[in-house]
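First subunit A sits with subunit B, and in the next complex the same chain sits with subunit C.
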Partner chain A sequence: MESSKHKWMPYVWLLPSILLIGIFVVFPILIVFRLSFSEISKAGVVGGFVGFQNYIDAVNLPAFKTVMKNTFWWVLSVVGLSTLLGFIIALVLNQKFRGRKIARSILIFPWATSLVIQASVWNYIIKYEYGNLNNVLLNLGIIRSPINWRVSYQVEFIWECGVGIFVTIPFVAFCVLSGLQSIDESLYESATVDGAGFWSKLWYITIPLVRPSLSVSTVLNIIYVFNSFPIIFTMTKGAPANKTDTMVTYLYMLSFYDRKKGPANALSVIGFLILCLCAGVYMMTVMRKEDEG
Partner chain B sequence: MKKFTSILLTSAMVLSMAAAVPAYAETDTIELDVIICQYGPNTNDWFLGSGMDGSNFVAKFEEANPGIKLNLDVVSWNDVYTEVDTRIANNNAPDILNIDVFANYANEGLLLPVSDYCPEELYNDFFPSFIDQSVIDGTVWAVPDLASARALYYNVDIFEEVGIEPPTTWAELEDACQAIIDFYEGEVYPWGIDMTTDEGQAAFAYYTWGNGGGFVDENGEWAVNSAENAEAINFALSLVQNGYTNPNPATQTRYDLQDMFAAGKLAMVIAPNSLPTYVADKGGQINMATVGIPANEGKTSSSVGVMDRVMAFKDDSAPDQAARNEAIGKFLQFFYDPENYVGWVSMEGFLPAVNSAVEALVASDESFGAWLDVLGSCQFYPTAKAEWDQVKQGVIAAEQNALTGADIQAELDALQAELVK
Partner chain C sequence: MKKINRISLVLLAAGLLLACLVMALPLYSFQANVYTKKSSNTFVGDEKYQEVRAEVEAAAQEYRDQGMEVEISETVTERVNSKGETTSLVAFSIGQTFRKSIWSFAGASLPASNVLRLMLICMVLAVLFAILGLSGGTMETAPLHLPKKNRIFRTLSGVFLLADMVLVPVFVLMNNVTFWRKIDLYNNELITDGKEEFFAKLDSFLFGGGMGENIDSAVKNLSCHHSPLVWVLLLCFFIALTAVIRMRSGEAKHPVLRGLLYVFVIVVCVVTIYPYYVMFVTAFRTNAETLDMYFLHMAPTKWVWSNLKDIVSRGVPRFLLNSLIVAGGATLLALLCGIPAAFAMARMNFKGKKFFLGFVIMSQMFSPVVLLIGISQLMNTIHLNDTLFGLVCVNAAFNQAFAIWLLRGTFVAISPEMEQAAKIDGCSTMRSLISILLPMAAPGIVTTLIFVFINAWNEYTISTVLISTANNRPITVGITQFSSFNMIEWQYLFAASLLATIPVVILFMMIEKHLTSGLTSGGVKG
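The block that comes next holds the complex of A and B.
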């Protein structure tokens, strides 16, 4: 009697979450799929079925290629570099040194602050006219006249990636740190006795053992960064002419500025599928390696 | 017991969601959903807080009109399009909407003609030239709520120090810019340009209208790729390339320019009549004056008028259409009553849309008179044309592409081809 009750109890407790996910996640996704195959007027009135026309229109938009290229570099640079730097910082923070707790607390600030605030602050820092960076450099006598830190859209995009990396590092660092703290100290001691150096220990002990933490942080990061809207929208709004847009900011502009709602929905679905594919491939690769390991 | 508790908790959660759906349906009261755009920091307080003589618009309206309940939201300009479009997509359009555009809503049959709800006396009070901006196929679909006119503001102290006169032609503008650059050695930007997604269409209007071009031709047909337009935008781009302007026109909005002007870092900026209030609010003490927007040699200078609107959406589910229309009319009457409207327009720092407000406004601030004259000679964006959204974004994209080296004529040709397709 007791065991049969326990069989369905977990489902009862999960029901509210399942209902919420169903209403607020699954249902909107299904609606977007439906809208991507529907004719949608400029004012937002949903019309009849139009097959793949919205997808064809989306792919033929003049900015489509640029936006896809930007999205690729945005995700690759932010996820890649924040993972690398976050890993290094986690290694440092795992060492015993005076002020370690303070260093760990400071590290969380960029992650704990709202992205819109972060992006706005960086906008002020790199402002040409009265930006903090120019002021500091001028006061220190390093430069004689202000530098235009946003001299071209390519540079602006690099700044946006930089801010993306800056705010993402803490998340990776804390994920890796939790993995590092679970490694048994005796493994390093035995390796040291066997004559292993820093790189050998890193390669044969640390990396394999933090891989699960790293996998989780990377998959989550790919999803977060791909869907990240505030940094780009606050810093450039995709300007000039969508040259700094990523897919998410572009589809927002497409829907609510250009009022091309059909193609915007189609792009949204394309983004969702790309994300599913990336996360799926990555998870399968990592899980296979872990199984092999 | 545990089983019973878990079932109870789960049911409570599910039911709490269902309970969020309002269950009231009063038969005698007409409810109007109203969306108002946030023009400034005091808009919300005036409509919903205590900014209207210690009370607010909604409370006063409901007191004066028993039987009508207002569900009024003040929404920022950044969010209003998203909110309205989402509501329309969900068959939940507001009853009354205050926004700038109307053509899409009218063309898709979502709006009520103004004649269905606007009392005649009030209708006759609107400036006829404003009403004309909201006509499609002979039907008026919206009424103006306020307007602003743009003119060239210049920093008088800078001009006196450099020893130059405010420019009226493009050639004079280039000379003035060069003189300011030479005098301040680059410390002051002579000229402000905003080609951002916020207001890049205004830049297009400033230069093309000053060169005999514009968005449409004399027959009202799209003509964005005229030679005059390309020449005008090339002139604007030459100002950027010569270093006469703020360095990043694609990302520096009008508000960035106004901040620079308030800080004395920008000598000239095209701005609405609310600029002095804006500068004062920023703590700036700029000795400023206005002149017309410079035009090309031999061409007429034209001020740019910007007008927002109030419109009413259809609601087929309303049980008594006549009563609903009457309620909308009462809302408008109360809003445009000089006792309420004059306070609102002067608080927001804009220009009025009705004759009955002019006298009181001019009495309170003499500069209104001069601005009303400017408004009389303004050109407006062709917002009554269905493709306006596309044109607006298209000219901004063309400008921004040209800023990064693209050929403006080719960009405008491509936009025109898309429009006539």
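The block that comes next holds the complex of A and C.
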């Protein structure tokens, strides 16, 4: 269809987009890479090449182990539980019932709200002295005296994971819902005729058919959750002593509070490589679907 | 009469009758002091003790003669005084135990009474609509062949039964507040407002107004317990609900599962709305009330609308405007760059198409957070640090992937025939894109537009790093000025949050339907 003299035309159409991504996404990546191998003074003056010194410094930081462990548990618990709960909620919301539209609109609230606002609200809810949760539970007669919801940093971290799950569920639920809606009703009908029960229909029809949506949403979630910054930053700021930090909040503290730009850049690259790994898995999933469809 | 209709009617009647019966049981038990007698210099067993004991026994007998259930208890306090002698004080008290049924609340003017009345109204309405749904000989009709009018009536009946289920925990809550927390706070003088009025209400409900002046001491050690049987009410209403579901949709829909589905959905919705409720009510409380651990009111005692006025004077409109500029600009830029790219991806064949696709997806992977240092360095170099335009660019760039993705999905779904015809007529590619494809793709474009807008509006991390001037802050960063380390002004924080949240939630609800299809056709599936 395209004549040969217009061979370069498609690239002109792509150019604005390439420029935008190139300058504001690819360029920072290069900067971070270069800085991670350079000596950087506290004031931010970039010195010469130092090899892997920044990486060695980063790994030897006292909080490094805790932060990596936290990041692992943060991603695992938030992605795992929100996928499970989101899947169940999607199954329920896929039923036909009156008020389904309202329920869906309500479920979308956490997705549409800024994370920093969600985190602030939960921060208030779980306060010991005046938090709303204690008041509601007291009024309901479930507890007889206020509970300190933030006794230790471990508990605070669990709360942060809880808020993470809360805000991630809508995304999973809507991804699964979109998968569920593309399933042909007649499959279930014929399965019912064949005498299949609820569980076997779930196991042999629903799960295999929503697996593509589910796997894409899971990989995207891993990336989003890994990158999630505002919840932890708002609720604990990583306190005490980086014990509730994940990699991205630690990175921020390291670079903009402690002024340890060198190790911070090294950590950035490590995080970037972990994301690349996830991105690779994601690409493979999407591309395979592309070939199929 | 159809068997299924008969069974349903019986079930509905049984459920509601059972509920009425449960309400008539003495489920609430109270214990209060009706009589106290202190006797100093008295040792257990001595002459004085016997004397006072007999006196108390007589008093108790008097109460028993009136048909009250009373119990005598005594406490002994022994002390060694300054002279080294042991003194002892014996205090007798007569505690009355009495039970009340849920029905008895109906006549009182307590908060729970209003809930009970509402519950009863809902029950009556549920029955009424169930009966209306039976009109016109539909008892002979199978549920699936009901006329529309009858189905609507039966649905309404179910709605009121669900409302009844929600009201049960509210009733328990109100009583806990009244008989435990509020009395506790009055007794410890943590609150004083309206004490007399409140105690008078208690007197008339608990003692039929007989306590008069003594009500203060009578409720001093008042304890209130409700039997777990209260929760059976939930089951009663649930039975009635399944009956209505059966009448409406027949056996085909598994009435019990169906009922559980409604309950599950309600629970999920309540939990989801909870933080928004907290945000809303806290935004209109006074500062003192936000920090008050004794507050008893689910709503502010006084709605402080001036909170909104206060945040206006503290720069919130400016922050909102900045957010609008950033989000609007980012959306515009993302679409201006994204539409041509998506068009090329959808309509043209060229070398490196797959490579570009990969490039775009990869860029989606990296949220700006990991690249924070790189971005701030870059912005310093090109002097876009601390400018709104810098934020516009970064937001647009990081939303490029999703924009192209959604738009390409939309364009692919539209047949290229019209454009080809236009081309034969001598239209340029650009013209056919603008005048033919874009109008047809409008729904998809609007979805993309709103999605990018919301993402940019809610962005926080990059803005904290890039923006240092107070006047350039978008709202997400601006609200953090209300929460410093030593003092958090919750009411302002949430009032500003409310303003920042409402518009985007409405926008998101508008594209909700397209979002589901967009995620498959464009965003995720590719």
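What we mean here is this: the second predicted complex is superposed on the first by the 267 of 293 C-alpha atoms of A that agree within 3 Å, B and C clash if a C-alpha of one lies under 4 Å from a C-alpha of the other, contacts with A are read in each partner's own complex, and residues count from 1 in each chain.
Keep this in mind: a residue touches a chain if its C-beta (ideal position, glycine included) is under 8 Å from a C-beta of that chain, and two chains touch if they have at least 3 such contacts.
Owing to the predicted nature of the structure, the values given are computational and were not obtained by experimental measurement.
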Practice problem: Considering only touches as defined above, state whether A:236 meets subunit B (first), subunit C (second), both or neither. | Solution: first
Quiz item: Hey, is it subunit B or subunit C that touches more of subunit A?
Solution: C
Exercise. Could you say whether A:259 touches subunit B, subunit C, both of them, or neither, answering first, second, both or neither?
Key: first
Exercise. Based on the superposed arrangement, let me know which partner A:99 touches: subunit B (first), subunit C (second), both, or neither?
Key: second
Practice problem: Determine, under the contact definition given at the top, whether A:129 touches first (subunit B), second (subunit C), both, or neither. | Solution: both
Practice problem: For A:13, decide between first (touching subunit B), second (touching subunit C), both and neither. | Solution: both
Quiz item: In the superposed arrangement, does A:41 touch subunit B (first), subunit C (second), both or neither?
Solution: first
Practice problem: Could you look at A:141 and tell me whether it touches subunit B, subunit C, both or neither (first, second, both, neither)? | Solution: second
Quiz item: Between subunit B and subunit C, which residues of subunit A are contacted by each of them?
Solution: 9, 13, 16, 19, 23, 129-130, 255-256, 261
Quiz prompt | Residues of subunit C that touch subunit A when the two form their complex | solution = 155, 169, 172-173, 176-177, 180-181, 226, 258, 261-262, 264-265, 268-269, 272-276, 278-279, 282, 290-293, 295-296, 298, 333, 336-338, 340-341, 343-344, 348-350, 353, 356-363, 365-367, 369-375, 377-378, 393-394, 396-398, 400-401, 404, 429, 454, 457-458, 460-461, 465, 476, 479-480, 483, 490, 493-494, 497, 500-501, 504-505, 507-509, 512, 515-517, 519-520, 524-526
Quiz item: Where on subunit A does subunit C make contact in their complex?
Solution: 1-2, 7, 9-11, 13-14, 16-21, 23-32, 35, 89, 92-93, 95, 97-99, 102-118, 120-122, 124-125, 129-130, 132, 134-135, 138-141, 146, 174-175, 177-179, 181-182, 212-213, 216-217, 220, 223-224, 227, 229-230, 248, 251-252, 255-256, 261, 264-265, 268, 271-272, 275-276, 278-279, 282-283, 286-287, 289-290, 293
Practice problem: State the interface residues of subunit B toward subunit A in the complex, per the touch definition above. | Solution: 3, 6-7, 10, 13-14, 17, 81-82, 84-86, 88-89, 104-105, 108, 110, 186, 195-197, 247-248, 250-251, 260, 263, 265, 386, 389-390, 393, 396-398, 400-401, 403-404
Quiz item: Which positions of subunit A touch subunit B when the two form their complex?
Solution: 5, 9, 12-13, 15-16, 19, 23, 40-46, 128-130, 145, 148, 150-153, 156, 235-243, 253, 255-259, 261
